[in-house]
């Protein structure tokens, strides 16, 4: 949707703060004076918590306000309104680490979307608890691969290694692309807000292991998948995206697993896209998703 | 879809029995000899339980085998194969009792579908725990109305009255059209297999009270409704039909309730249609639904 | 979603103008100075046409700026930026005329949504080309009913009468709720932008008469409905909302008609809701729909 | 869903014939006497054309009736009832040629589903009108690749080469996986009934070139994709499967193309699956699809 003129620089700004009159007026005045042309804007008042959330896309003609000057201007406003904010260039390609176990359909799908330019990310690492030969059919294009198997005994040290890879690579985002190890509380906390998991059920139904078998046993008529931010509470993180497909009594657990792969792929890809386009803001145990 | 010639009589037969070779051959031979023309047939082998399920629609030219003779023939087969079966004329209009509380959208919807001939039922009673004036905007067309309010103290006797109305009316089916009283175990058992409830969530998520508020609190991205047969276990009955709609962070609980009404209406109407067209067969805690 | 405090007055403003920098800044500054608290805002830049569109909801504490003063302020801005705008109180209930032919499912549905308070409208007239007894099962609650049958010979004068009813009633919106007469070009032009039609196909597929039969003949696997603004070009008006449902080879044209009723009802109801909440802005032959 | 015992051989039989009483009885008797255990069966009476269609899955214990004997038995019935039929082993893996142009998402998707065992096919050739280096990111696993570019001048001879590859490879099915060349009438006729195309619109809307741009211009609110058998009439072939996704006014043509890729992939994959599981039977310009 980018329609940026070649001599302008595009930005995305997301912010949250306690709600009070005048935020939008002050912000749009500040941006106007900085020479910004707002191209997209969405806001949300959470009446329950009294919080205000906003996402703004804008362009600034080159030669006018620099990025550093812009940050200084936003910092002033942030101080004034008690804002937390994130500001990025629209051209920024987030660094992403992908974690995977045996099933590779989400990994393959993300790499494909990256390869054809659909997902503007920079993959900086693939971490698996299976050895590299498990993925011998996949072209990693030189993305570093880390085999970090986990047992009960090695969990603490291996998670430390994972975090070291994540932080060492400068990753902005970790994607659990059907990574079937349960993260420790410490690990989950360390990745909180920058880690997306795909769970293969329509949460809150069928938490935990083997959700398609649970769905089969319960006799539901639709199955689904859920992409959510990782937090301490397993399968309780803020939901970013969900989708479902119809099944029938004649579908076996294997049919559900097969149909589920399609749902998981598209739900995870959408969630990652929303995140890297800065369309998501965590709001307690929920996620605000500004789709246009 | 009926394409019955005027001088033929249409039947629907559903059956279940232990699976073994030769059921279909014997059945189709029997029906052929009875002069039946099979117009629709579906079957399902439940490999787990070793059970066989089938639904057959067929016509018999008038003057050939009578309904009594037909039943005798099917009885022989049923004995031979250990079958349970149901046989009805396609023209049979099941007698239905509808139960309702304050919210009338499912009731109004069912009555409308009946009025225009979409749902071939015969409503024989409306039971409510609110007084008739609550429904003053609804034309009951002379369907008997029963005000049977329930308190903790009167539950036993009022449920007995409800059962008495149901059985006295000869009802084939009881529809809980947003009837917000929890049935006692005895009542649920007494109606088992002939009572459909609409629950306003995508089960197994958000059982119990105020599911839309639960959904709002959890931050899901789709809400749903579930029609199921009533059994002893509240919200655990065999699911007949489910559907969902997309919501966003900006939807309040009232928005969910509003969007949910549309889902509830169509899910319940589909489930009732499947039941009266004898497309459903309960299979333990699941429902086989033979949709064409 | 209204969370208006009792001593504030809520407004909705929609506007369009040639795009240029500073619109949002000027507008939010103006509103801020008027004492407005913005609760919802959406915007869209149509790069192709160079037009800018916006919808803003805001509250003003009673005792501050009056509605007249507010309009004066917006008028100034409108002059400055070449804006067209609409400004309404959030509590305004648009006057609506509903037109219908033989099939009453959309009419009944709209009246139900109005009766339970879901659709905040004021129905001021029902116009039909069938006599009132056709609708004897429907409670019109005293809404004036006009029987205006149309033949080739009477079309001009009857359309004049329809327009006279519409204008005489002060209607803001005319809803063609399965009104099966083709409007003349003059009539369509007279109602342009304030008349919503429901077409019983997924446009642009199956324009014209008997779309479900067309769909059956073509063998599509999904059927749909389309709500659109009425313009001179029949079935070519700006689309507001569409939806679909799955069908199979086994569905007869009557099955499609039955399944279609459910789609038509919800698509039309959504479109009317979007319109009366001022979420829609016509943009040439398209409709911008600001859903939250 | 296969639950075949190791000492049984599974078959799929599809058939069509003029409808008359006794077909099912004769067929099930024949199969019963051949020692077959029917595991799945579906039928459809097309009242309009008076044709009868059926799909049956069954097992025969090894050592009983052989495949040759079985074919002889079915041949007798076919003669008796004027049947056309197809009989295959359930373990048969159809040979498939995939044709592709520049966009490789459907090709990559099909190869992935084949690689993980989801699609039980044997790819025997990939034909492209672009050179092999266009697909350098794709592992063809030794599947023969044919670069057969087409110009107006070379069309006749290149189509002859394509047919020669198809027939030489013994392909049961040709999949046009976003192959952007229009087949000549002769070519389409030669492949009729054994060639599936994916069209990137919800047919019959937006036939021909650049359908996403057409959809953008028309302002529809859902976009779709259609998989159909190839026949002489371009974009008019019998539809096998369709699906849609929601879009908004804010989506650019590029957004539609991106969202469309997901729809195209799953619609084509489902259609291919239906075909190779022999769930489809062409019925004039429609397709019967027996989904369970």
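Should a chain be cited, it is by its letter among A, B, C and D, assigned in written order, with residues numbered from 1 in that chain.
Here is the rule we go by: contacts are C-beta pairs under 8 Å (C-beta built on N, C-alpha and C of every residue); 3 or more make two chains touch, one makes a residue touch a chain.
Since this is a predicted model, take the numbers as computed values, not measurements.
Path length between subunit B and subunit C in the touching-chain graph (shortest route): 1.
Of the chain pairs A-D, C-D or A-C, the one whose interface repeats that of B-C, sharing more than half of its contact pairs by residue number, is A-D. Centroid distances built from C-alpha atoms place B farthest away from subunit A. For the pair subunit B and subunit D, the distance between mean C-alpha positions equals 36 Å. Each chain gets one centre point, the mean of its Cα atoms, and the points for subunit A and subunit B are 42 Å apart. Annotation for subunit D: residues 40, 248, 250 touch two or more other chains. Contact residues on subunit C toward subunit B in their complex (touch as defined above): 1, 40, 104-105, 108, 112, 115-116, 118, 137, 139, 248, 250-252, 254-255, 258, 261-262, 266, 269, 292. Against subunit C, the residues of subunit D that register as touching in their complex are 44, 202-206, 218-222, 224, 238-244, 248-250, 283, 285-289, 291. Across the interface of their complex, subunit B is touched by residues 3, 21-22, 24-29, 31-32, 35-43, 45, 47, 246 of subunit D.
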